[in-house]
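Labels run A, B and C following the written order; every chain starts at residue 1.
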Amino acid sequence: MSERGIQWFRFTAPANFYDLAGRLIPWFAAVTVALFAVGLYLGLVVAPPDYQQGDSYRIIYIHVPTAWMGMFLYVLMAVYAAIGLIWRIKMADVMAKAIAPTGALFTFLSLWTGALWGRPTWGVYWVWDARLTSMLILLFLYLGYMALHAAIDDRQRASNASAVLAMVGVVNVPIIYFSVQWWNTLHQGASITVTDAPTMATIMFVTLMIMVLAAWMYSVTVVLARARVELLERERNARWVQERLEGGSK
Amino acid sequence: MADRDFRAVDLAAERGERLLFEKLEFRLSPGQLLQVSGRNGCGKTSLLRILAGLSRPTAGEVYWGDEPIRSVDGGTGTCLGYLGHQNALKEDMTAEENILIAGGLGGDRPERETVLAMLGSLGLAGYEDLPVRFLSQGQKRRVALARLLLQPRALLILDEPYAALDVQVIEVLRGAIEAHLARKGMIIITTHQAVDIDGDCRNLHLG
Amino acid sequence: MFRPLLALLRRDLTLALRRPQDALTVVGFFVVVVALFPLGIGPDPEFLRSLAPGVLWVAALLAVMLSLERLFSDDYRDGTLEQLLLVPEPMGLLVLTKIFAHWLITGLPLVLISPLLAIQLNLRPDEIAILMLALLIGTPILSLIGAIGAALTLGLRGGGVLIALLILPLYAPPLILGAGAVDAVMHGSSAQAHLSLLGAMMVFALFATPWATAAAVRIMLD
């Protein structure tokens, strides 16, 4: 590879990211573990049982953060994808692709914990509640994004095409949410709805926020790690990759 | 015909992970022909698609006069015609219909007589009313060429136009190319055969 | 300005008329899917009636989705899609024209045949009228959204299955509104809210999706 300006720009920026992310990941990982430990201790031991649901409510400490992260990460993914598509910034493509599996995992976990919570609360694992249904469709959107990315061989084309899909998806998410909400109120009347506990004790709220923060830190850690791997793969012919993989023997 | 230069500035392209070419520059003035040569897989087709504005280069820009090719006033298709590996013919339609429709899409529908004359000159007299799927490879190629030559475009970009053509048709095509150059048109061509064309010919070797 | 668009519309319609089996297959699929439902859930007229809006809409949605694979793939394979990029018209308008032609060939016949199937499922005339109106507004939305998926899967192996995964989640809102409209009439209330929202969605899709589809076509041909 020559030392021309364009290549210097293209190959050095990822190298900087790679090094910086490598230095940051252990710290984020440590914070993640600490927050999860504190959050789970507070949630499972310190916080009092719910006056109606007993101990089964404790699953909200997982359910709510995963649901929030699932939705938030989709938007973040679409933003990165749009940046990558419009300004042709490869790092943004890498980030979008790296976010998708984590977002899908959180969405799946929120459905799973929702079902586990549903069993003691409603007596069934699954109800076609508006939020659960929206989350299910969100999971399909994630799967579509990842499937399209995987189906296209050319990396740049894969990034661009799935970016279009992510942007279409993010425009649709609110439309889907509101139509499902509407459908749900029309069909179910007043029977079953998932509502958070009307009054939440301070300790519960604090615990919930700690768990949300923990989920955040986990996402940052894992997404950065995945982005590093993706970078190595994309740029495997670049000099900076070879220098780093030889372990500085040069 | 053309009043502007066609320029490629600092072009680079990659396919997959592989760099096909970089720092590619040329300038084509009205009345000139550029022949792109090189072995298989060196990026000739990729280059032609970039020049036609169909794909984006990894770096650099293609200019029609001072405008980037992908944002020419009225669309890229107003200044250039492109014939790729595929003939872009509808198999269920006749040669004549194919050409008339392409003309209609391009905004300048040729007269029926002109179309028949062009098809005749390419040795397709009597085949105008046959659905294209009944034509041979070489005949289809000729229909596609007739379509391209009937669109009044300043720059013609031809990817392997001689493939599957027999000697007489090659002669006709050569005549058409020379006439286009004489009208101050421009041509960019890839071919394995040596082109023996009267006019201002340049060569660009890839790889 | 509109002459190239008219030429494209005429071309697509002519091609469809020369191969009518393509359009007929879609209608046939719609009819067969609806006919299979009673076999799966039993012949009780009241029960079938209550399921009819959902069954008809899901069947129509699947039929549209299956037909979409052909929307660009023929033009992609023979190279005419590439030439369309060189037509001096905005790609969004060309795409919209192709979608319109495709809807005339596949979507409209579904609307026209739907009363026949609705009668089989014991819907009443006023409900059938709303069903047809909802399908008339809704099937273009399905085509418009689906075109994005058709463009994004151009030239991919297993493109047909992938379209389903990409597009079906996005079909949730029109499905809810369209089937809901018929359901509302069946339960004695007005379908106006559903139909208005469906109409709004169609206008939005009409303006927004062709550009996304055009971008997708450019990307896949890049």
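The working rule: contacts are C-beta pairs under 8 Å (C-beta built on N, C-alpha and C of every residue); 3 or more make two chains touch, one makes a residue touch a chain.
Quantities reported herein were computed from a predicted structural model and do not represent experimental measurements.
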{"item": "Steps needed, at minimum, to go from chain A to chain B via contacts", "value": "1"}
{"item": "Maximum centroid distance from chain C, chain identifier (CA atoms)", "value": "B"}
{"item": "Centre-most chain [mean C-alpha coordinates]", "value": "C"}
{"item": "Between chain A and chain B, centroid-to-centroid distance (C-alpha), Å", "value": "48"}
{"item": "Between chain A and chain C, centroid-to-centroid distance (C-alpha), Å", "value": "32"}
{"item": "Inter-centroid spacing, chain C versus chain B (mean Cα positions, whole Å)", "value": "37"}
{"item": "Touching two or more other chains - residue numbers and ranges from chain C", "value": "222"}
{"item": "Of all residues in chain B, those that touch chain C in their complex", "value": "52-56, 74-78, 80-82, 84-93, 97, 101-102, 104-107, 109"}
{"item": "Residues of chain C that touch chain B when the two form their complex", "value": "3-4, 6-8, 10-11, 14-15, 18-19, 78-80, 82-90, 221-222"}
{"item": "Complex contacts: residues of chain A adjacent to chain B", "value": "2, 4, 6, 153-155, 236-237"}
{"item": "In the complex with chain A, residue positions of chain B that touch it", "value": "12, 15-17, 22-23, 59"}
{"item": "Contacting residues of chain C [partner chain A, same complex]", "value": "148, 152-153, 156-158, 162, 165-166, 168-170, 172-173, 176-177, 180, 197, 201, 208-209, 212, 215-216, 219-220, 222"}
